[in-house]
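The structures considered in this document are given below.
One chain, chain A, links the two complexes that follow: it is found with chain B in the first and with chain C in the second.
Let's look at the complex of A and B:
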């Protein structure tokens, strides 16, 4: 059993009449990277601020390492934050920025100097002591922010969209650096982002949020491959989503009616007639076939395509006028692009079935 | 070509209009003749008489005392007020912000008279105290506005970051906010200082017999005709202010250059 480092119990938060967080319960394990993922305004940053103590919960309790944090100010919590746009102190040089936390704790000067040196080595910024934040690149500022937080040896590090100000290439590089850093130090990371690919590549677990509630809380792989909600399927990665009703049941199969002459056969999972069903199929899981299979073979026409280096994302039209997104390797696409009519197949193992309309 | 000549003539005329009176003032401070009409010869005697004129020197020191004290006090009050106005939301905040502009736009003569009536009502004797109080009163809005402009532009995450790193409210103000405000505080203080230095109207109403200031003294001197002594005094003031401004500009240009190099 893993140790719970942060526990949120019946947390509610509202501003005036507006309810932001609706009764949230959450256990965060020591040493994990947990990501709060969701569209902007879903309340993820609010939760982060309540954990850090910068904001109070309207009701409910937050525990850090078993201790109730109610009434404990941000400055007295063993938690540090990396803010969006870093919030480095502009008038201080790199050294003073990193040393600030220890100075506030009245740590002796020599010890601060030693610790700052260690931190600069950790984030690979040795020799940058005298520079002002305005003299640093985005990635360097990011590293200073990390060093400034980690020097306090926090039990938990909160990261509020830390990579949003960086360009795409730097983002990918910092992702790897952050993950390596976390593995090296073993500190719990709570990471807030609205970027699903960031969440997938960094996290041990993802808490997907919508309108102040947890939609799903699971591993990135599970969330991507077996979403339990339509919202998750739609928010994480690309997906073809078809909603319909069970038309009839034939022993181990169920026939789902999407519209007039578009039916999909799925495995029967205790369905009844007229049950509402959502079928999710990822673009990379749609298979091109040359001959009709026993079930779920459809004719399509290529409408347009987007080149992405290694892959093409193809937008195709089905006979029933529904659009279909298909991910194809470059060579395969170039072989097929001039064909008038193609056939695709949805196999049972490639479809994710979500019961109900959620 | 013709257009360019016209443009240059225009620029020369504008600058002549602005600077000719000042040049004349400086030139005649070295004039041997007492009359400000013809230049008869070079002399420094007016500067000598100036430094032996006790009432003038006294007025000069009064001016400096008033300017320094009122600048210091109004800068402290103004900075704290700006911080409060930026950090806290309370009922009537918008109204208070608008009220700030009234002392700035109100005619000085009205402010002078109203301050005088307040002092009379409170039975305060006119003197250095009332003079300093008046100067503080009209300087505060300028300081508040110049400090608040900087505060409003400050990244609000800085407060959070400071708290997050273990600083209390006072420590955050001292270590994080105050240093960022230095440019705003300096410009506010400079404004307050120059306003106090050359104020005539309000000082006229609120100064007592023992607290004559330089502008008031000059004003009373020219009632009997401008003497080269006044010219000499004005030249000194001019040189001092010019030097201060030059130093500030140079400093600013240097930091600007640094920024550009980055």
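Let's look at the complex of A and C:
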């Protein structure tokens, strides 16, 4: 079993009567990238701030490497943060910004100089020592912020939406660099974002949050392919989501009624009649077929499409008036686009079934 | 087009005001400073530099030095009071901040001369402060709180403190709170955060406030007169005396011009530190 580096025990946080975090328990393993993902206002940044010590929990305990952090100030925790807009000190040059933490620890000057040099090499900014933050591009500022945090050799690095200020291309590049950096150094990263694609590509585990509670805590692959909640299915990636009731059960199958004449057959998993069921199908898993299959074949009409280089996202209308999102490779779409009527098939293995209404 | 014309028209009164009431008297003072006075307080139209040379007399140099020392001490005390005060209110809720700043500005609504008289009631030997301290048996003999340098400095600090607080508050309230958090996150305590992050980020406000305190402090003759008991001669008193008592207008004018030049140098220095002129006229 991996070593637990940060542990949150019954953490609650409220501002006045407003409860932000409702009894949170969490174990974070050494060397992993754990992402707090959720819509804004879900409490993810608040948890990060409580771990860093910039904010106190209303109740509950936080342990760092087994030690209770209650009453330990931010400055005395072996945790560093990369802030959303970097928060570089504008009056200091790059060297002084990076050296700040070691200066506070009264490390000898020569050693600081050596460490800063190493850090600049690590983030590929050698030669930038004398520049002021205002003279740097967004990506460069980001790297200075990383160097400034990592020079303290923290046990845990907290990243609060670190890429949100960058443009799309730089974002993708920094994502890769961050991941490489983490693998090289082996430091635990706790990463906060509301961007699901960032979370999927970076994390070892994702903690999906909503209204101050954990919705799901699992690997990116599991979260995307086997969401256990409607919220997760909807929040992560594109999805076609159909909610309905079990109409009747035929041995190993269950027939789910979505609306008047739209039924979907699913595998029977101890269902009873009238059980509420949510069916999730990712756009890339919808198969076009030429002939009717034994089950779940539907006629559709293409309504509109969005070109995305390699793929088309097709919005189609089903006979039951429901809309369907389908992801099609370019060549396939171009073959089919002029056809009046198409058939699609939902296979058992491509549907994710969520029991209940969650 | 119309807009531009309108803008020009509404600025005319201001320009006239500045020309007639500021620039013309200034030119007059400047010319006056190169003339001679006769023994009856009149002015003789003879060009000479005598008035400026006279300033280098030890008597007057002493007045300059005294004035600058009082102004310096006043400025330092204002900084020491204003920083904690501004940091304190900047952490309050927005509403509370507005209220507290209104309280700082409120005294401006009354005449500063009258407020200085108020201080006499508080500070004199039989005044409120001494009476209370005597009755509480904290002191045996009344303290000399006025008619000395202490009185002048108390009066100056009181009158000029808002000029330090306003620009400093404006600077401090602009600090990105994340910088302070970053500093703590990187292991800095409160003191280190204050000196390494807060002070450098508010240097403009600090210089601005210092200038706004230092310069008037040299000229506020009535505070030196009322609370200093006329014992200490400051530049403001000297100028006033030359015009009203000694009736040596050209010499008074020369001192005024010298003070003006010193002020200009200070403002230049302020600009060099990155200060903006807008901030000086900001309220």
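The definition used in the following text is that the second predicted complex is superposed on the first by the 358 of 358 C-alpha atoms of A that agree within 3 Å, B and C clash if a C-alpha of one lies under 4 Å from a C-alpha of the other, contacts with A are read in each partner's own complex, and residues count from 1 in each chain.
Assume contacts are C-beta pairs under 8 Å (C-beta built on N, C-alpha and C of every residue); 3 or more make two chains touch, one makes a residue touch a chain.
Note that the coordinates shown come from a computational prediction; the quantities given were computed from them, not determined experimentally.
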Practice prompt. Could you classify chain B and chain C on chain A, in the superposed arrangement, as clash or fit?
Written response: clash
Practice prompt. Go through the superposed model and pick first if A:89 touches only chain B, second if only chain C, both, or neither.
Written response: both
Worksheet item: Is A:52 contacted by the first partner chain B, the second partner chain C, both or neither?
Response: both
Discussion item. Under the stated touch criterion, which partner chain does A:253 make contact with: chain B (first), chain C (second), both, or neither?
Written reply: neither
Worksheet item: Where does A:104 make contact in the superposed view: on chain B (first), on chain C (second), on both, or on neither?
Response: both
Discussion item. Just to be sure I read the superposition right, which of the two partners does A:135 touch: chain B = first, chain C = second, or both, or neither?
Written reply: first
Worksheet item: Looking at the overlay, does A:81 come into contact with chain B only (first), chain C only (second), both, or neither?
Response: both
Fill in: Contacts of A:29 with chain B and chain C, given as first, second, both or neither
neither
Fill in: Overlap of the chain B and chain C footprints on chain A, listed as residue numbers
52, 54, 73-76, 79-81, 83-85, 87-92, 100-101, 104-105, 148-149, 152
Worksheet, complete the sentence: Per the touch rule, the chain B residues reaching chain A in their complex are 155, 157-158, 160-168, 171, 175-176, 179-180, 182, 259, 262
Worksheet entry | Touching residues (chain side chain C, partner chain A) in the complex | 176, 178-179, 181-189, 192, 196-197, 200-201, 203
Fill in: Sites on chain A touched by chain B in the complex
52, 54, 73-76, 79-81, 83-85, 87-92, 100-101, 104-105, 134-135, 148-149, 152
Discussion item. If we count contacts the way the header does, which residues on chain A are in touch with chain C in the complex?
Written reply: 52-54, 73-76, 79-81, 83-85, 87-92, 100-101, 104-105, 148-149, 152
